[in-house]
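In the two complexes below, chain A is the common chain; its partner is chain B in one and chain C in the other.
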Partner chain A sequence: MAETVRDAVIIGGNRIPFARAHGAYAKASNQDMLTSALNGLVARFGLQGQQLGAVAGGAVMKHSKNFNLVRESVLGTPLDPKTPAYDVQMACATGTEAIGSLANKIKLGQIDSAIGGGVDSISDAPIVVTDELRSILMEANRAKTMGQRLKALAKIRPGHLAPQAPDTGEPRTGLSMGEHMAVTAHQWEISRQEQDELAVASHQNLAAAYDEGFFDDLVTPFKGLSRDNNMRADSSIEKLAKLSPVFGRDLGDAATMTAANSTPLTDGASAVLLGSEEWADSHDLPKLANFVDYEQGAVDFVDGAEGLLMAPAYAAARMLKRNGLTFQDFEYFEIHEAFASTVLAQMKAWESEEFCKNKLGLDAPLGSIDRSRLNVTGSSLAAGHPFAATGGRIIAALAKLLHGKPGKLGFISVCAAGGQGITAIIEGR
Partner chain B sequence: MTPATPIELPDLGSLYRRAALEAARSKLSANGTLKALPKAPVVAAHPGITEDQAEQYRTLFAGEAFDGVYRSSLPSTLIHIAGFPVQMALMSQDDFPLPLLGMVHLSNEVHHHKPIAVGTPLQMLARAQNLAPHRRGTQTELVIEVYPGDAAVDTAGADQLLYSSISTYLGMGTYLFSEDEAASPQREEFVPPQKTGLWTLGADAGRQYAAVSGDYNPIHLTGLTAKLLGQKQAIVHGMYSAARMLEGREPETAGHRWSITFEAPIALPGKVAFAAEHIDEKTQRFVGWNPRKRRRHFTGELVLP
Partner chain C sequence: MAKDSYTDFVNTGFGKKITKALGLPQPARLRRYRPQAPVIEGPVVLLGSSGVTDALADRLLGWELDVRRHVGPREKIAAVIAVFDSAHSPAELSQTVLALGGLLKQLRPSGRVITLFRSPDQTEDPAARAARKGVEGITRSLAHELRAGGTANGLVLQEDLDPSAPSVAAALRFLLSGRSAFVSGQFITVDSVNGILPEDWALPLAGQVAVVTGAARGIGAAIAGTLHRDGAQVIAVDIPDAGEQLAAVANDVSGTALQLDITADDAAERILTHAQQHYGRLDIVVHNAGITRDKLLANMDPSRWDSVIAVNVESQLRMNRTFLNSELFNRAEDTVGPRIVSLASTSGIAGNRGQTNYAASKSGVIGMVSASSAQLQARHGTINAVAPGFIETEMTAKIPFATREVARRLNSLNQGGLPEDVAETIAYLASPAAAGTSGLTLRVCGQNLIGA
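Take a look at the complex of A and B:
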C-alpha cells in the first residue's frame, strides 16, 4: 500500500437472523429488515445522533418504490439525518461491493466512518405486471382525452393480468443459477458426497458458533427469531444422502445438486461499521480488522466458455498477485456457499495446474485450501443467503475471527449473478 | 432463366384462407398430379422493414435495440419474414405441385451478403427448385433472393444480392415419385451435449411469433388448429428457433452464412435445451433438444465471413 493511504478499520457488524423465505419474515419489507439491522448496529456502538460519512448498501430484489432504500432506512434509525446514504447493486456481491468501496473512501480520507451492508426479501419480492399491461397502462397515462384513454385500456386482455414474479434465471441463457452451477459441477467432477459433506460442515460449524456465543455481538433478534432458522444442527451425511437432485436432473445419474447442498431462498439484512483508525479511537470503538483490498471479476458465461459462478477464481488470482500473497498466507477462508459445488469448483480450479496456467496465466497452481480454515463459523448453506445481506454477514464474522490476531489474513470469495464475483482480503488487528 | 413475374406484395392471411379453402375442397394428403415446379420466379417490391416491425421483433427475442448507430443491420430471420409472403404467393399458385397447408419446413440455408437496415426499399424474389422424392412425401426447395429496391432483378449480378436463402419443405403425404426413389433415412444416436441455455416457451409462443412475422399458419396457433393439421399440439415456427439461435450472434457488417436443420417439432408449451459451441474463430454450431425426452429439435451452424 502506498504511504498516503490510511487503514480502513472494520469496527463491528450486526445482522438480523436469516429466515427461510415465506416464514418468520413473510410480512417484513426490505426497509423494515435493513432498518432493524442498522438499529442494532447503532445501539451496539452508541452511534445515536452521529453523522457518519456514508451509509451504502442495497437489495437485489427491490421494489421501484424503494429507489432510495438505504437512505429511507437511515432516516428510520437514530443516526443523524444528515448522514448521506446510497444504494448499490451487484447481485449477490452487493454487500461486499458496498463495504469495499466504502473502505476505499476511508482509505483515501474522503470519509472517516461508514456503514455498508445489504438486505433481501424473497417473501416481499416485487411482483410486477406484464410488459404488455405496463405498456397499455403507460399509453393510457399519456392519453390526453378520455377517448384516447379508453381506447388504450380496451386493449387489455385477461392474459395481460397475470402477475410476474422475479425468478433466478439468467436473462441471456434462460438457465437458473442452479442449472448453470450443475453444468460447472459436472465439468469439474464435483461428487455428491463432497457437496453433502460441505453442507453438513456448514450446519455443524454454524450451530457450534451459536452455541459458543460467537454471534452474541453479531446478531440482534427480529420478529421473534434469534438464530438463523435454516440451520439444522443435527444435519448428517446419511440424511442428506436421501434427497433427490433438484438441479441438473437432465444429467441423470450424474446429477448431484440437492436442496440441502444448495442455498435456500432467504430473507434477512446485515450491516458493517467501518472507520478510520482515528475515528475508531476517538469514539472509543473496537478495531477488529483492516479491510485490505478487494477485486471484482467477471467471466464470459453466455455460451458456456466459463461457468456462471467462476468469476471469483479469476478475481482471486489478480488480487493475490497485486498483494504479493499466496493461499498459504491466510488464516481463514470465507467462500460464499451459493451451492456447495460453487465452493468446491473454485477450490478445484485453484488446485488445477491446467486451469491456473491456461485461464489464470500463472506459472503454478494457487494451491489447495486447508478445509479446517474454511467457513469455520458456517456459511450460506446453513445460515441462508438473503442475496445482498451475505457480504455483511461474512465480513463481520471474519473480522471478529481475526480480532486479536494482528497481521493474520482472511480471504473472502463471493460469486454473483451475471457471471460476476468479488474477492477480498481482511487483516486482523 | 425465365424472367420473374412481378406481383404485389401479398397478404399472408388471405393466402392461408385460400389454402384452407382449397384443402377443404380437394385434398390435404391426396397425391398430386403435377410433377414440375413453376418455372417463373415471382418478384415483389417491398417498401422496407419499418422501425415498428424491427422493434416488435427485438422485443420478442430480447435483443439489443436497433438504435441505428451500434445496431442497424437487421437479423436474417426478419429479412426472411419480409420475403416470406412472396414465397407463399409462389407456393399458392395453381401450378405449384404441393398443397400449401401441412407443408413441413425441413431446413434453411442462408447467405446474408450485405447489411439491410430499417426503411431500405427491397425487392423480394422467390423461386422453386429441386423437386425430389422424400420417404414421407415430396420435398422441394424454395429460394428467396433479396435485392435493393432499384435493382433490375432479372439481370442483377451477384454483387447486388443482399440476402439469399434456400428453404427445404416437405409436402407430407404427397407422393409425386415412387417411394423407392427416396433415400432411406440415416438415424444416428443423439447424445445431448452440455447445455448452455434453456428456452422456456409458453403456450402462446406460436401466436407471439405469428404477431411479429404475420405467419398465422394454424399449425402454430392453438392445439385445436394444430390437430386439424395432424400435430398433437401447436408447434413453434421453425424460424422462431432460427431467430433465437442467431440472436446477438450475427455480425453488423453481414457477409455471414448460417443453416438450420429441423428434426422433431417443438410442441407448445415446452422447454428446449440449447447448446452453442465455438468450433473455430469463425464457426459456431448449435443444437436444440427436448431435455426430458432427449429428442433433437434442430441443429444449426453459423459461419462468419
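Take a look at the complex of A and C:
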C-alpha cells in the first residue's frame, strides 16, 4: 500500500466555445457537444487509442435516455473503448466535482489518467409531460387487453398535453436562482455599479485573452463558432447602466440585477485531462498544475437562514484551514460568476468580521481579494455558463495561467443549485 | 470536391466509343499508390549501356522487378528507363531514343518512361550540354505524346554522382510507382549521395516527426494522412477557427492538433515547443498553409495584397529562420538532416490573371527554396517546393463549371489531380531516402500546358 498520496496533475483542457441558448448549438445534443469537446482534447494531446483510467462528467439538464451520457460520448471518440466512464451530477458544481474526485483517485493510485468535464444544453433540454398524463400512459402500458388500454387512454384530457419545460427554479422554494440571489445581494448591499463593473471586466478580460491567443490551446471550434458568442468586447458601464433589472423587481428602486450582470442560459461542453506525474511523463505530456484539494459545502437556504449561492463561502474557510493557507497565499482567484452579485457577496462575506466570526467561526476575517487577480481571463458573465461545463472551463484556464509558476496557487469557487458549492486549490508547476 | 463526371463517362464502354469518335480528350483512370501493391507490375525495360545502366539494373532487381534489356515485339511492358549519360553530342542520342520509340506502343496503361542523364549545367562542353538539354526536350515531348495515364519524367544526376546513391533509388521508385501518378514532363535532380534507404519501403517515414501547416482540409489534410501512412508522426497545424476540422484530421492520423496562426511572431517557437514536448524531435516541416485573395492588380487593395504575402511566404521565411536556429530541427543523423517542403503553385511559375498577389507569393516560395538550399544541405537536410497544377479540392470546386472543365483538361493527362497526388510528392521529397535532392520545385500538374 502506498504510504503517501501522489500528485494529481492537470495536463490540459479543451472546450467548445459556449453559445447562448437556442443559437449556434440549437440542434446539438449534450452527447454531440461532449463528444466534440473530448475529440478536441484527444486531438490536442494525441490520446487516440489510449485506455484511460476513467472519464467522468455530467449534465444538469439531462434526458433520461442519456443515463450513460459520458460513456456514450467516450464511445464516439478515438479513445480506447475499454476506457470506463460514468456520469456525475451536482448541479453547477458537476464539472468541478467530477474533476476533483478523479484527482483524488489519481492521488490514491487507483487510476493513472482521467478526463473530467461536463456539458449542458438548454436548447436540447428534456421536455416532460404532466404527471397526470404520465400516470395515464403508464397505466395504458400496464394494460393486458386492448379494452383496458383504450379505457386508460380515454382519460386523457387536453390540459394533460401541455409539455413542461425544465426551469432552474428551486423545488423547495419555488423561487428562481436569480430571485434567490436578489435577496442575498440586497442583504449584502451589493450595488448595481459594482455588479456592472464586474460584468464589464469579465467581457474585457475574456476578449483580451482571446486576442492574445490564450484560448488557442483551450478551445476547439464547434458548428462554426470559434469564440463564446455571449462575449461583448465593446461592453461598457454606460451600456450596461441602461438595462432594467430582471430579478428582485419587488425591491423596486433597490433592484440591481440585470440581464448583463447575470449569466445567460448557455450551451457548451468542457473536458480536462488529468494524470499522475509518471503517466504524464511517459506519454510526453505537459504538466500545467497540480490539483491540490477541493471542498464541498452546503447551506440551509430553504428557510432563508443563508443565501442560496453562499455555500462556497463556508467551503472556502474549511479548505483554507485544512491546507494552512490564507487568501494572501494565492496568485489567481476564479470565482464563478453565476451572477456578478454572487462573486461580490462571497467576497464581502470573506471581508466581514461578523460573518467570518459568527458563521465561519474564525477569529479574523479571511480578508479581501485583489481584483487584479480575479477572473483574469474572463468568467461566466462573458463566456456564459453551460452549468456542468463551467468547472472544466475554469480549471483548464487556471491551470494554464499557473503553468510556469511552480508553487503559485490558484483558488476556485463554484456555487450550485440546492444551496451547494465547491471550492478548490490548484498549484502551478 | 467537384465530381469529374466526364472522366467517369469516358471510362465506360459507350463513353469511350463516343468521345473517341468525336476526338475529345481521353482522361484515363490513373494508377495510384497503394502500400501493399508492387512498385510497378510488368516488365521494366532498361535502355542504354553504361555503368549507370548496370547500377540501375541491380537496384531494380533488388526490388524484385521484372527487369529486361530486350522484350518481344508483342509483349506488354510497364516502364522504360532510358539512360543517356554517355551521350556526348546530340547525334549520340539516336540509338537509345529510337529504341525507346519502338517500345511505346507496348506500354501498358499508366506506363512510365524515365529518362536518365547528367546535369546539363555541369558541362561546359557545348556538344555535351546540347545532348543533355536534348534529353529534356525528348522527355517533355514524350510526356505530351503518351496516352492512357502514361507519364514521362527525367532523372538528372550531378556530374560524378554514383548511380547507386540512395536518392537515385528514391527518385526511381517514386517515378515508377503510383505515387507520381499526376507528375509528368518533370525533372528530378539528385545532387549528392546523402540519404538513407528505408528498412521497409512501405514505411519510408518511420520514426520521423513532421509538422504540416494548413492541415485542416484539402491538400493539407491529404498531406497529414499520407505522411502518417508512410510512418511519420504528424503535428497538424491550422488557424484556431479551423480547429474542429483540424481535430478530426489529427484524430484520423493519430497525431496532435496545434491551433495557431502561422503569421504570429512566435508561431515557429510554439511549433518547436509542441514538438519538443510531445515527440522530442522534429524532422520535417511542410509549409502548406496558404490563402488566395484574387483581384486584378488594377483593383488591388492593401489588405488583399498584404495578407497573401504574409501568409504564403513571409510566414515561411520567418519560421524557417527560427527552425534553422533551433537545436531540435538541426539534429542530423548520419547523412540526413532536417527537411522542409513548401507549397508553390503553377500560378507562381506561369502567372495567372487576377493573381498578382498569389503569384508573387508562390514565385517567392520558389525563390526562397532555391536560396535556402545551401543552408539546408550544410546540415545534410533539404528544402524543396511542390507546385500543384489543377487539383480537385473544395477551393477548385468553387470555380464556375465551364472554366473548371477547361482547366481540368489543359494538361497531358486530361484531368485534375487529387490532393493525394500532391501529398505523395511531398512525402517523397520529405523522406530520408530523398536527402540528396534539394532546391527543387517539382510540379504536380499532369504536365499542365500553362507555364510549361
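Definition applied: the second predicted complex is superposed on the first by the 426 of 429 C-alpha atoms of A that agree within 3 Å, B and C clash if a C-alpha of one lies under 4 Å from a C-alpha of the other, contacts with A are read in each partner's own complex, and residues count from 1 in each chain.
Assume a contact is a pair of C-beta atoms (placed from the backbone, for glycine too) under 8 Å apart; a residue touches a chain by one contact, two chains touch by 3 or more.
Note that the structure is predicted; figures quoted are calculated from it, not measured.
S.K.: Fit or clash for chain B plus chain C once both are placed on chain A?
M.R.: fit
S.K.: Answer with first, second, both or neither: which of chain B and chain C does A:F45 touch in the superposed model?
M.R.: second
S.K.: Given the touch rule stated above, what does A:G213 touch, chain B (first), chain C (second), both, or neither?
M.R.: In the superposed model, A:G213 contacts chain C only, not chain B.
S.K.: Quick check for you: in the superposed arrangement, does A:P78 touch first (chain B), second (chain C), both or neither?
M.R.: second
S.K.: Give the angle at the C-alpha centre of chain A formed by the C-alpha centres of chain B and chain C in the superposed arrangement, rounded to the nearest 10 degrees.
M.R.: Approximately 150 degrees at the chain A centre.
S.K.: Tell me which partner A:D363 touches in the superposition: chain B (first), chain C (second), both or neither.
M.R.: Touch status of A:D363: no partner.
S.K.: Touch check for A:D253: first (chain B), second (chain C), both, or neither?
M.R.: Touch status of A:D253: no partner.
S.K.: After superposing on the shared chain, does chain C or chain B touch more chain A residues?
M.R.: Here the partner covering more residues of chain A is C.
S.K.: Check the residue A:E354 against both partner chains and state whether it touches chain B (first), chain C (second), both, or neither.
M.R.: Neither partner.
S.K.: Is A:P221 in contact with chain B, with chain C, with both, or with neither (first, second, both, neither)?
M.R.: Touch status of A:P221: second partner only.
S.K.: For the overlay built on chain A, what is the smallest gap between any CA atom of chain B and any CA atom of chain C, in Å?
M.R.: 44
S.K.: Shared contact residues on chain A for chain B and chain C?
M.R.: Common interface on chain A, chain B vs chain C: nothing in common.
S.K.: Using the touch rule from the top, collect the residues of chain A that touch chain C in their complex.
M.R.: Against chain C, chain A makes touches at 36, 39-40, 42-46, 48-49, 77-78, 213, 215-217, 219-223, 226, 284-286.
S.K.: Help me check something: in the complex, which residues belonging to chain B touch chain A?
M.R.: Listed in rising order, the residues are 59, 62, 192, 194-200, 204, 273-278, 284, 291-292, 294.
S.K.: Can you list the residues on chain A that touch chain B in the complex?
M.R.: These residues of chain A touch chain B: 131, 159, 171-175, 179, 183, 186-187, 250, 302-305.
S.K.: Using the touch definition from the top, list the residues of chain C that touch chain A in their complex.
M.R.: Per the touch definition, chain C meets chain A at residues 236, 240-244, 246-248, 250-251, 254-261, 264, 277-280.
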